[in-house]
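First, the structure itself, so that you have it in front of you.
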């Protein structure tokens, strides 16, 4: 192999890389906060919500979980304009992230809710709380705590999956790598560097999620 | 009018009739022990009074609040009767104080400072004011159960339902919980308790209800029921021949 | 402009679906074989073997599949090989699947109670015999539902190979869209075809898992 590695381009193109990193971080920040919120609402509907809404949410969850993120993204960005919903690249990417993580997290959170001991519901009832109050004040936090590791892993998976938003020209980290390789013809190096950055981001994100968990769940639940 | 009126209550789980027409009136300040074999329907009866099980037939009312299967009626009823469970059922993500404060703030919309004051008072009443900031998994079973009692008392119920509240405890922790209950009885709280603690029932209760196969089989003051059981089933249950 | 009927669109998409299925099968089976090797490294008694497997898994689970595809596509070229898209796609998906399957299976092996290892050791079995006769038969039972579940991830993962130019269902979707200017219909149909492939697998994974849980409770 006579290939000469060449990383000199890094000096010239690092602003693109930094911008790409910023957008990738922005995508997962919005995706995580809004997606998990959506997931909580959907999990509530499926576990305890009104009967008419359950099949609607179930259909949404199954549809998202059984189709590729890339196609969801294309459908939102290229398909929805024919319904009159024109989104920018970044808006479409954000929406796709939220919709995708919403479906996955709802399933994970639902498992946490289902693992709630029956006595917790009964104790809440006996204290005259309504089903919604029980969900909000008694069930939700321990349920989230129960599944926080699984939820964190899913957030990391979705962050890594966000690499495909470059395909609708949202200017994330992968977009930057593509841009650089098209200018410098240093494809291998460009993708090596961005892969390393993704790995770093994944490790960092896991740490951040661990810290968030540590902050919102001050103690380990006994059950 | 009695405080709790249970009239002709029936309850079935599928084809299995667990309560076959229960009649029981409880006066204010009475302490009633419900005894019987497992499967006799005693826990189910208690859970019906709190609306945790819907009754199939008959009626239950507590201080005029009817047990009806809608949210408003259930809430009115549950504000009058507190319930203590065998498994404590403390909320694991809240401190002892938080457990006692939660329903005051959520259900009664009590402002936080007042709820906290009430929580401290109730925890003091069960001898745990120093554990206000402890989480349930830092407490012994007996302490957890006492927090659960404080949690129910903070809602200022006019009656308490106790469902085998010492059955999940290690033997050496039973006494501290019973001491609290004894004190409540002395203060005039109306208590309905399903229990296996026969000595406690004899010492503290005003009446003992013996349930058998979904019916009230014998009822009377403890000295009569324990000293002079009338039916062979109660004799067998008490182990006297 | 030529008019395309829904049937025209669907026929083109279904023809391309064959390649999605073929690539999924290759990736899943290949990934299974490499994943098995990883599993043995991961639970080996040799420290270096465990470390190798651990870092392999962390690397492939901690980076985007798309990047792995790019590196396979452009990186293999550095060895002077002219890499066709199908080869890069196959290699990357196999290595990626292996990381996930290896990790799933390790979880299953570790879920077998320690007492089983101890009991079999006390009967004088060697490490390989323990695996062969005691641990694996039990681990395989609980490994089936998550393994079937992961096959869904593989099918969805093949969609990314369209980006390096492998013509499968997603690529066909883009091509057909460019010809028909009906992105809503085309991508809607593409999604439905993926759903038709994935949903039965998801569902059977769920059903298998429920069966397993029931069986366990009855023990």
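Think of it as A, B and C in the order they're written, each chain with its own count starting at 1.
Methods note: a residue touches a chain if its C-beta (ideal position, glycine included) is under 8 Å from a C-beta of that chain, and two chains touch if they have at least 3 such contacts.
For clarity, every value in this text was computed on a predicted model and none was experimentally measured.
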Most widely separated chain from chain B, with each centre as the mean of CA atoms: C
Most central chain, judged by mean C-alpha position against the global CA mean: A
Of A-B and A-C, whichever chain pair has more C-beta contact pairs: A-C
CA centroid of chain B to CA centroid of chain C, Å: 54
Inter-chain centre distance, chain A versus chain B - centres from mean C-alpha coordinates, in Å: 46
For chain A paired with chain C, centre-to-centre distance based on mean C-alpha positions, whole Å: 20
Sites on chain A touched by chain B in the complex: 117, 119-120, 122-130, 133, 137-138, 141-142, 145, 217, 219-223
Contact set on chain A toward chain C in their complex: 1, 3, 62-63, 65-72, 74-75, 78-83, 156, 160-164, 167, 174, 177, 181, 187-188, 191-192, 194-195, 198-199, 202-203
In the complex with chain A, residue positions of chain B that touch it: 50-52, 71, 74-75, 78-79, 82-83, 85, 87-93, 102-103, 106-107, 135-137, 148, 151-152, 155
Footprint of chain A on chain C - complex, ascending: 59, 62-68, 70-71, 74-75, 77-80, 152, 156-157, 159-160, 162-163, 170, 173-174, 177, 182-184, 187-188, 190-191, 194-195, 198-199, 202
